[in-house]
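What follows are several structures.
Each of the two complexes below includes chain A, the first together with chain B, the second together with chain C.
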Partner chain A sequence: MESSRRSFLKIAGISALGLGAKPVLDVMASSGEAAKPKTMRNPNALLAKRWGMVIDTRKLKTEEDLKPLIDICNKIHNIPHFDNPHHEIKWIWSEEFENDFPMQEASFLDDRLKHMPFLTLCNHCNQPPCVRVCPTKATFKREDGIVMMDYHRCIGCRFCMAACPYGSRSFNFRDPRPFIKKLYTKYPTRTKGVVEKCDFCAERLAVGEMPACVEVSKGALAFGDLDDPNSEVRKLLRDNYTIRRKPALGTGPSVFYIV
Partner chain B sequence: MKMPNNKKMYDKGKVIAGLCIFLILITFPFWYNLGKAAPAPELKLTAKAKAAKECVLPTQTMKADHMQLLNEWRDSVVRDTKRIYVSSDGKEYNMSLSNTCLDCHGARAEFCTKCHNYASVTPYCWDCHIDPKEVK
Partner chain C sequence: MLEKALTGTKRYYGWMAALLVVIGVGFICYLWQFRFGLGLTGMSRDVSWGFYVAQFTFLVGVAASAVMVVLPYYLHNYKAFGRITILGEFLAVAAVSMCILFIFVDLGQPIRIMNVILHPTPNSMLFWDMIVLNGYLFLNIIVGWKVLEAERNNVAPAGWLKPLIYLSIPWAVSIHTVTAYLYCGLPGRGFWLTAILAPRFLASAFAAGPAFLILLCMIVRKVTKFDPGKEQIQSLGKVVAYATCVSMFFFLCEVFVALYSRIPEHTEHLKYLFVGLHGHGVLVPWMWASVILTTVAIILLVNPVTRRNETVLALACVAVFVGTWIDKGLGMISGGFVPNPFNQVTEYVPTLPELAISIGVWAVGFLILTALFKIAVTVKEEVEGLI
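Presenting the complex of A and B:
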């Protein structure tokens, strides 16, 4: 009696295993027949290990030189214009030397640098403090070094604005839509209550175009891979003396200024 | 021993009248709206959408799960830098709500809003994304 119950259990166990295995085998046999939808990059997309920018300030001397660069960015990213400076939204703007490079000014700075407008934008830091403080991971660093924002996820806590030592981030205190001169339909706007900033034209890199400011700069701005020793930016960095904003903070800015 | 018969209901008239009023009031929304159900919106497909016959996924899946698909698209575009969707029949689509979905489906008021109103959902896609047809 005992031995027959034992063999019954054995057979029952093996049969259960066989029955359970059949659906698994069926799934494995069927996969590969119908192609699953997938996602991919545009084959023309520009790729890099760490994107960086070199700004040749010798070629951008006056506000008039900076204007087309700033205007094109404002236009293609639907950046609103507010008369109230407290509501200002800026991705790329001009700033004086003493504001851009505090603690780097010499006692008797030469006149050219002292009153020259400097093109200022997000530095896409190697160690971005804004990413560390973001509680929702709305701000994150991409594998190619671009510090990106997912506006869907931003809750408007503004920790990133407190963390950013460069003032590169702006908060939408009001609905920006009515304050955009002409809506650019290829790019979304933002909504009230989110933070925004420059993203090195990620949408243009994705289709194989250089950032808009670089494209209209007539060679004053160079953009490329800082990790590639043969890139144009690395060549400029080898041949020229460059400075970065607030290097002592250890954020590792990826925007360099030839002065 | 026989129990005393105390099945007498006090204030019978008032209690029953009260119960009737209560029942009428609580069922009021049902019979007031009887036969007045809003008809399900009829979607008018654009000529372009009709010619394409099928969306990026089968129609039934799109009807039920387009919101999940849009979330996947968003994550793929923003986080994985992959902006092209290859459907199971091998067609490539640029993952863009304003410039791919609406390009085929027409104005959002005619396509999105109609159904969303009927289903009483208010997604906030259009707080940021632009319907190119609404821009003068």
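Presenting the complex of A and C:
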């Protein structure tokens, strides 16, 4: 009796499993070549092997010079404004030389450089420590060198913020939506509990537009393919002495400063 | 055996009820945090890990320290520790449970936690931490439970347990090593970027964990009929004594390298913790208290006369536990974030709800610990014919 009941339950269980699995198997079977979703690239999309930026600080002398660049970014990326500095979200902002380049000796620096605002943003490193530590691949490096965020996968562990030696990442400590001045509908807003940062305007590159800060910089910012020797950025790097933030760490920043 | 945790004296029920109240308060605060976001805590863009991650780090050490009773008993056949291995293992179970909870309450999107398994990423140290912590939890539950069961039934433990017991020894070392690797592999965080971080973590773990176990043994002796034993407590006392010395030595090595080399990225964090930086120094009194407590404890523990006095030993153990808790549970994490990558100081102080949630998690740990100790001690009392 005992054993027959057990075997009955066994068979019943296996049958239930089989019935339950059938629809799943059906879906698997039908998802052949024909049903696969296709992604198509916009014919105008801008492409590169490794995107990079050169910032000519000689053309960006004051906070007023930086303001339009920062404002446009905040506007088109739905960056919230918080009064509490602990909750601040920053994609692009300004810092002084000694803060951006703490490893460079700044004691006897030229006064012009010493108190000049430096444009600060994610460096889109060639060897990004943030990508290395992320436990879910929510932050990843694309084939064109852009370090991106998947806001839907991020679990908010903030390991990437600890790993970033440039302080480029921000965390949504609370719901950002009520703090967005004017909603910009072409770019998603974020939810609380995820990390975000500059993404080199990947959404604009995809439709053939340059990053917003580059577009409004009146030539102070150059953006292009670091892998292409004939690109504008490579020409600037050839003709000018440039520095990068904390090069000794080996992260290989893709943002260069002409000083 | 689980039923033994359900019956007890009035004092037992009272203690468990009190813990449940504390857990309830913590849980309500957690619901608040869940709705509002981590902005409820004192964490910021600059100090992006705070009290939760620090408690996690400290408790991984407490969990790893079970190896200090398991190893002498199973590898060196040090019979005396046979009486207390179960206490060490169950302490580890409670500590790892708290670790997992502290990671959980620290997540910005806790409902997505399974993404760590859905998208496994072996290059992330957090992925490995998940594996070693859960593995260690299961090893200790299985080994502790089965050995206790065998003891209750007056038979030898099953043969298949041996490999698991041996495995649990290097596994204990691995949990704190991987936890140190979370921090010490990050470029640009000078305070953590040191090869000695994992050894230092282990040394302070083997000090604080057994110190706590000594205190627990003394409590067990006081509130139950089971006596963990004088020799056991004294042997653990020696473990605490020398682990505290090694821990202090490692710390002084860090101080020497930073201060003698004078490399700013390494000295500035120490300066912030011990003398203050750019006019900020909220942790300075705490860090000095930690150094003083640890130093006094070393004097009391290394000297055999004071160590043999159980009252002094208990005080020294409290000093080691508190001193290590300040070092790891307060200074280690925020110290690494101050100054920030721009060499600016943003200070971190936990908020009240953050503390309530933390205390709630600690209370969960104590609830698990009390229930498991109740089971273990009742079995021991029965076996020894004390009740």
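Just so we're on the same page, the second predicted complex is superposed on the first by the 220 of 259 C-alpha atoms of A that agree within 3 Å, B and C clash if a C-alpha of one lies under 4 Å from a C-alpha of the other, contacts with A are read in each partner's own complex, and residues count from 1 in each chain.
As a convention for this text, contacts are C-beta pairs under 8 Å (C-beta built on N, C-alpha and C of every residue); 3 or more make two chains touch, one makes a residue touch a chain.
The shown structure was predicted, so the numbers you read here are calculated from the model rather than taken from an experiment.
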With everything superposed onto chain A, say whether chain B and chain C fit together or clash. fit
Look at A:N42 in the shared chain and tell me whether it touches chain B only, chain C only, both, or neither; answer first, second, both or neither. first
Is A:H86 touching anything from chain B or chain C once the two structures are fitted on A? First, second, both or neither. second
Once the structures are superposed on A, label A:L183 by its partner contacts, choosing first (chain B), second (chain C), both or neither. first
In the superposition, chain B vs chain C on chain A residues touched: C
Is A:P68 in contact with chain B, with chain C, with both, or with neither (first, second, both, neither)? neither
Check whether A:P135 is in contact with chain B, with chain C, with both or with neither, and answer first, second, both or neither. second
Looking at A:G252, would you say it contacts chain B, chain C, both, or neither? Reply first, second, both or neither. neither
Looking at chain B versus chain C in the superposed three-chain picture, what is their shortest Cα distance in Å? 12
Per the definitions at the top, what is the overlap between the chain A residues touching chain B and those touching chain C? 191
The chain A residues in contact with chain C across the complex are 84-88, 90, 95, 98-100, 102-103, 129, 132-138, 153-159, 161-167, 170-175, 191-195, 246, 249-251
Touch list for chain B against partner chain A, complex: 56-57, 74, 76, 78-90, 95, 98-99, 124, 127-130, 132, 135
Under the stated contact criterion, what part of chain C meets chain A in this complex? 36-39, 42-46, 48-49, 103, 106-110, 112-113, 115-116, 118-119, 121, 123-127, 130, 182-183, 185-189, 264-265, 336-337, 340-344, 346
In the complex, the residues of chain A that touch chain B are 34-42, 45, 78, 140, 142, 144, 148, 150-152, 183, 185-186, 188-191, 202, 206-207
